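Two complexes, one shared chain (chain A), two partners (chain B, chain C).
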Partner chain A sequence: MNKYKFVGKPIVRIDGREKVSGAAIYGDDIDFGPNLLYAEIVESTEAHAIIKSIDTSEAEKVEGVFKVFTGKDFPYKFGLYMKDRYIFAQDKVRFVGEQVAAVIGRTPQAAKKGAQLVKVEYKPLPVVTNQMDALKKDSVLLHPDLGEYPHVPWFFPKPKTNVAHWRKTRKGDLEKGFKEADLVFEDEYFVPRYAHCAIETHVAIGKYDLGGRLTVWSSSQSPHTQRHLFAEALAPMGLTHKDVRVIAPHVGGGFGGKAGVTMEIIPAALATKLKGYAVKLRWTRQQEFVNTYQRLGVVAKLKVGVKKDGTITALDHKIYWDAGAYVEYGANVVNAVGLSAIGPYRIPNVSIDSVCVYTNLPPGGAYRGFGYSEMLFGLESHMTQIAHKLGMDEVKFRLKNAIKEGDKTAYGADMNPNGLLECIEKVAKEIDWGKKIVSKDPKKAIGKGFSLFWKAPAMPPNASSSAFLKFNEDASINLIISGMDIGQGYQTVMAQIAAEVLSVPPSKIRVETPDTDRNPYEWQTVASHITWSSGNAVKKAAIDAKEQILALVERVFVIPKDQLYLEDEAVKCTTRKNFNLPLRDFVVNGIMTEDGTFKGGPINARGMFLPEFSSANSDPETSQGGHPNVHYTVGAGALILEVDKDTGKMHVIKAVEAIDAGQAINPDLIKGQITGGLLQGLATVLYEDMRYDEKGKLLNPNFTDYKIPTAMDVPDEIVPIIVEVPQPDGPFGARGIGEHTMLPAAPMIANAVEDAIGIRIKSMPFTAEKVAMAMLNLKNKKGK
Partner chain B sequence: MAKIKFILNNEMRTVDVEPNETLLDVLRDKMGVKSPKCGCDRGDCGACAVMIDGKSVRSCLVFAIEVNGQEVTTLEGISQPKLTKLQEAFIQFNSFQCGYCAPGVIISATELLNNNPHPDLEEIKEALSGNLCRCTGYQPIFEAIMDVSRKRKK
Partner chain C sequence: MAVVHNFEYYKPLKLAETLKLLKKYGDKAKLLAGGTDLAVFIKEGVLFPEAVIDIKHVKELQKLELKKDGLFVGAQASFSDILESANIKKDYLLLWESARSVASVGIRNRATLVGNICSAVPSLDSGPALLCYDAVVHLASTKGEREVPISEWFLAPRRTAMKPDEIVTGVFIPKPKIKNAGCYLKLGRYGGEDLAQAGLGVFVNDKLEYKLAYCAVGPVPKRAAKIEKLLKGKALSTVLIAKAMSLVPEEIAPIADIRSGKEYRIHMCKIMLERGLEVCTERMKGKIIDTLRILGG
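Presenting the complex of A and B:
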């Protein structure tokens, strides 16, 4: 495994010292001086209503209130994939918490006091908080003008309904597939909404200076996408892309919640009406729960046909998404899963309907896993149920049907090289699959659960990355890129890739957080595509630098380039053993020749990557014909679960997760993703749950009532396993793994609960209460 | 407005505060000390932890006026003159990811190791149970603390 010097090595993070010393600057840490203004938002108290009037007069009288704005001031729409959203509500509100007005204060206190005095009069409309109700013919419509909303060409909204997008995927002959089956099994699965809960809440500061340029400092996964959406939405103000600058400092956790644009558009827009001032908006924890994206809720109906020998013949997967009041980003979650809801299986006859439904709940959007967690809960629960009905071991069943390289995906493209079988086998071995564990405590039952997972980056076919690389006098490097280190270790991994090509240690490479004025384009840090996509751009930039270096040395020393190579921060030669030209001697100031003149100059390089094979063109009725997904990352997981038979309390004794990273650039960072992602996934199934009342109000928007894991909730043992089947177009063969680590958590628990206590639970979360009640019901039934 | 005087990271400081201003806001907005972070503003997350006279507190739950005459230490103070062994271990074991909770976590872990040089795993979990971290899964934090403990002489 010594193929590489820096790639594949557990190098310590290059952002370590600043993050453990408190030096790292996050959005809220930036000082703007005494002239900073503060925005406080007036939020809708109604889930669906006409705004009859807004009276701001009392608010304006408050000492320290600078100005009050309402929707009238900003009649601008925005949205990443579908422009269905306004910066402030116009004539209507569609969820509790929707921004109706903003009060600008000299102090946060003045702004807050003013916001409390803004009087909004509503005329309530019928409220629909459940996607199945919203699909009914007599349901109230959230967006009567849906047919007029601009959207990407691969979305298919159904005007005059609440269906914002309907992704249909059809392959083979479904009826024939079910006829061939010896067993057809149907079931339904339910997944509620979830919150990202990054510890840093959203914060953004907008400043429109007297020179007419807009700068936004933003806690964001997507600085360039934000710049683009700001420029688009604020074009009526006369702004163009060059006038808009987004500066993204360190981000205190993203998990998809800081992808695209949510609240950042507010200070950006407000700033344009507050020329000369900076205006800051920071979400409270409560607003963070309500007024950013949430993970979408799901009702999934599954029907799968299998032969006696375990071969899957057909799958009919209908997924109904509670996408919330606005789906400008969330509809792409629906789209992504609609293409991939066969899971990592080889299935000849397929029908998938992935239906994006408007409801009067907060907007759904990107959340680590991008819909695949929700889909896999049903699918992988279902696969275990079917295997049991066939009397077949569920791991053997999965091995038999697991997708292999060259098998066709649901939309007809070839599956990429992958190590799924190796993942399954390694996990089964590590968890000692097939060996039942009996608890010594008679009050406890122990079960094992297994699950596969897969996920592809969901991105437009032209999502691209780019990189600048410049050498300094001492041959240290500034790597200038625009992905965000949201904790995954992006900066370190990119440094390792550049280091490998240039033979300069990562510790001599500085990567800073981006500024769209100076850093080259990056689509977004989402979709677990950044190691692959930005990694390719960085590798190309490093190769560009290397080419410039070798060309210069060839020219000056008249040594053919193919005899030159880089090693230990120097240029060396295969034919002249003594030739050793340290990079620091010439990468900025050039090489002096005999006559005292210098050749060369500063080495500045660039690289770019766009997946030119990707295409979203396909038949809207079948999804056949395109290549919407660049590749899938696959894996398997299993765990040992202890269930208290009296209280339903569950405890994970051991969890194993194997993931095919293609090539681990930094194995320690992958292990970190597994440890962290798995716990985040376990929390969604064991206790997290957003509770709404029937009027669409979130009942638990805080960490007291919405429990995220603490140090007490960690599994006793987590075994991360890295499998490496290279991705042919990845940097050194790498592909992304960040989101995937949480994908198998819910079905593993569901399958382990059944193994432990013989009860199949089909709705998340599996709270102790729910498990205890299920056991009690079973006992009562048996008693009768 | 009242004038308070206290030791902040080894330096005697005076500052005017309103009686209802939290220590977190005063540290961040009036004294330029930014390592304590606001994550919830109600004592749930621990990102704002600092030490008052060596004991960790959530600075969002303490009024600034209460620290008059006391000694407040934040992560900036701990990091001088150089990073502690615990901080070095945090780097070694990837005990942070986004880094936002790290100041509070390190304060809690520092307090633990000051009081209990060789904590067992349960004691570590207990000590950290008031610090929420959404990224790491906590395991790497346990490892860093145990490593420091192991390398200390018994």
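Presenting the complex of A and C:
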């Protein structure tokens, strides 16, 4: 497509050289001089207990220990969607690893030594580590005061239970739908918790200067949201939003783990009591595992009705989430999936119950996919099973039921334009669907697996983005925005969008990491919404600049604006062929007129985007009536899997993924996302295996026993396919694709394993051990 | 991660000096070669040595020496040193393959084989190879030198025949006298670096003498003597291999831990025996086989 000059082109990342060469500065690299203090956290050793006493006297005696703080110093709550989390544990701890106290040292050694000497006396309470147990009537309650917690209006907590939120979605007539069905099939699926495993662990430095303002340097996906939550939580200290400043340097990976606020609240709060000093807190890998967010665990119960011809008539989807000790962010994962658990299918009669349950495990929260991976593992395993029961090809079954533009979503809104059918067809063709491959090695079996996926950005209806754009003397541009480049290529893509509007090449556009004092508001870099939302704001800012430029030229040269256009960094005219006014001649210093006076001046532009059509107002019993999701991005994937019949080890020979990006702003970056996302998804199904003991302690908070893939574990071949059915309200038609790329991985593997060896596995992960033992059991059964 | 524990650090240049320090500190001292275990243990507060004796600069603890009658692996030789030697790959393929399976490139550049047998964790990859080659451990102290056959070296998890005032100067691996083939099969959870869920060294020679040694499926790495006896002098057949596989549960004592269940370990030790014997048979015929993905994945 040659519609555009810079959009749709594989422009090399503008931040690439800086990052690859090591020049990029990350949070821990910043030098704060000799007045930097170090915080070390005293962590709860209990999953659920009353704090009887905290004795800090021995810690205070350690040479180099500056101060010790406990919950008494900061009796404040915080949270994004529900205020249920504390800066430090107050009377109670609710998970192993929760912050109970902080020791501040002149050196990291002193702080650590001091932290080892803080004595905390606990009175243990019953521990509940499983959501199904926590739902039982006689279960211990984690939050007896749940009814008093402030929360967003679209959450429905059930006080005096462990249910923090219950999203109900009802459409059509479920009973009638099942009656119409020729086949009703029920099954259960299990997905454990997962960790993000970003290469850079969390780090934040707080500084409360002598003038009384708080600055926090933070490895973050959400600088403005962090500023807001810091200002809210620390309001009792006399801080207001203008007094709080968040500076976000480069980030070494986020995947949702650095969204919202987790550990950053600690140095922000500590700083307010350490006036004049900077105080740093950096998580170890172990802390990164237990005290940020984890992906929530899921038990899903599915019941689907179909007619003989494959038409889906009804879906009953019950999803129970292990959301952990605090759900201030995680409850919105539950909410998002509760609205979308039909998957990318047209289903007339629907019941969804998505239940957010407190447990004594680490807080659940945002993780790439925001619940959709967990939901799709069950749903897409189920769809394949039911197609097989009907004796129907599973791809034909999916084509028949795939959602189309104008079909109703579960909450009653119209489905947006999308290329789902094109994705399915292209993937089926590329993977040679329907053609069975027989391994030459008798020890191996080969199978194919297919899966669809969809996901909408999960965000409040008023989540917004904004952009400033200013020209420099040489017509280079500073694009001042507040999204974070967490690997996806955000800075490059925003530069391409501005470049397209202004005819200035992306290489002449500088995009820096944000500082909330100087950069305009951005909600968060989450939800795969940033290309769409921040892209719209950048496009509007660029159009604003263009309008200013053309208006000036019109005024000075008396050429009607509609005859002027921008090309190759100059203003040109459709009616006067020789008219060519380079931008660098006037975008800062103005245009000189005949009498020596200048007209115009620096071109400074702004843009803002808020989806004004979105609404979270709906009937709590049915979720009908609102427009909570702005749009869905859809796609399909398939893979060829080789399974060793003796060892259970699996190897992906080929993987194909097609995604409807609306308009690929940068196809190379999308291909990178498909490769990386797919690998992250494959890791959750093949390797990552989080283990807790019955007391709620994580047994493998390290890469020795929590395995994420290496270069040795990449599929032999990955084919990325970009489909482009434009999103009408997206910048140049673009919509987000970042999270989606990992969504189909687990069901593809599940379906391929069954195709290869005839065994349906319904609980993740599919370790080689699990597959081998399943085969061995089958063999033994057959033997008898 | 901050290191809270304080200790004396010594960097001797001579063996005699090292031995004197060992005599002085005994088990209150820890020797530092690669440091891939020791540094982590000190950081994480698992070990609190009074003294750390850095032996990286001790001249006598040379790296590698290929002699006519065998290979001497000095205390400073890293797994990468072993991997870089084409002669070791040619003459001691089982050792070479076990070295390749240790951790990742960065760790192999630091970690030493001698350190591996001194740490003596049950999953140590070098164990099966040394057992199959009948290696000899060379020790020194202020009292003199002594040698311990590898079969008497491993006493329990993390416990060896070494005394507190001793240092392992190196390991001697006699050169097999007649035509032979070997391989090391390691079961890990993925393609990247991992601690063995189970490991098996297989060695066969022209006289049909078989040597088999497992690691990670018992408190110490151990030869499978009953299976060796069964196979001795016999050419392999499907029936014979099946009989050998059925003896596996008698040879190993695996536990269930975070890395694997007990049943899977037993099952896989049988499969690894089958595939290991197949590889060696083919290699005896001169066939070139890469064992990297021999267990699938």
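The criterion applied here is as follows: the second predicted complex is superposed on the first by the 784 of 784 C-alpha atoms of A that agree within 3 Å, B and C clash if a C-alpha of one lies under 4 Å from a C-alpha of the other, contacts with A are read in each partner's own complex, and residues count from 1 in each chain.
Everything below uses one rule, namely that a residue touches a chain if its C-beta (ideal position, glycine included) is under 8 Å from a C-beta of that chain, and two chains touch if they have at least 3 such contacts.
All of these numbers come straight from a predicted model, not from anything done at the bench.
Chemist: Under the superposition described at the top, does placing chain B and chain C together on chain A give a clash or a fit?
Modeler: Overlaying the two structures gives chain B and chain C room side by side.
Chemist: Answer with first, second, both or neither: which of chain B and chain C does A:619 touch in the superposed model?
Modeler: In the superposition, A:619 contacts neither chain B nor chain C.
Chemist: Between the C-alpha centres of chain B and chain C, what angle is subtended at chain A's, in steps of 10°?
Modeler: Apex at chain A; the opening toward chain B and chain C is 40 degrees.
Chemist: Of the two partner chains, chain B (first) and chain C (second), which one does A:644 touch, if any: first, second, both, or neither?
Modeler: It touches chain C, and chain B stays clear.
Chemist: In the superposed arrangement, does A:112 touch chain B (first), chain C (second), both or neither?
Modeler: The second partner, chain C, only.
Chemist: Any idea whether chain B or chain C touches more of chain A?
Modeler: B
Chemist: A:353 in the overlay: touching chain B, chain C, both, or neither? Say first, second, both or neither.
Modeler: neither
Chemist: Output check: A:585 vs chain B and chain C. Expected answer is one of first, second, both, neither. What do you get?
Modeler: The answer is neither, since A:585 touches no partner chain.
Chemist: Quick check for you: in the superposed arrangement, does A:772 touch first (chain B), second (chain C), both or neither?
Modeler: second
Chemist: For A:284, is the partner it touches chain B (first), chain C (second), both, or none of the two (neither)?
Modeler: Touch partners of A:284: chain B and chain C.
Chemist: Classify the contacts of A:712 with the two partner chains as first (chain B alone), second (chain C alone), both, or neither.
Modeler: Both: A:712 reaches chain B and chain C.
Chemist: Who does A:704 touch here: chain B (first), chain C (second), both, or neither?
Modeler: In the superposed model, A:704 contacts both chain B and chain C.
Chemist: In the superposition on the shared chain, how near does any CA atom of chain B get to one of chain C? Answer in angstrom.
Modeler: Nearest C-alpha atoms of the two chains are 5 Å apart.
Chemist: Take the contacts of chain A with chain B and those with chain C, and give the residues found in both.
Modeler: On chain A, the residues that contact chain B in one structure and chain C in the other are 284, 704, 709-712.
Chemist: Quick check on the complex: what are the chain B residues that touch chain A?
Modeler: 28, 32, 34-35, 37-42, 44-45, 47, 74-76, 79, 83, 87, 90-92, 94, 96-103, 106, 124-126, 128-142
Chemist: Please name which positions on chain C make contact with chain A in the complex.
Modeler: Interface residues on chain C, with respect to chain A: 1-4, 45, 104, 187, 189-195, 258-261, 263-264, 267-268, 271, 293, 295-297.
Chemist: Along chain A, where are the residues that touch chain C in the complex?
Modeler: Of all residues in chain A, those touching chain C are 38, 40, 107-109, 111-113, 116, 284, 443-444, 642-644, 646-651, 686-687, 689, 691, 699-700, 704-705, 707, 709-713, 767-769, 772-773, 776.
Chemist: Name, in rising order, each residue of chain A that touches chain B in their complex.
Modeler: Going through chain A, the ones touching chain B are 12-13, 15-26, 28-29, 31, 196-201, 250-255, 284-285, 485-489, 668-669, 672, 675-680, 702-704, 708-712, 714, 718.
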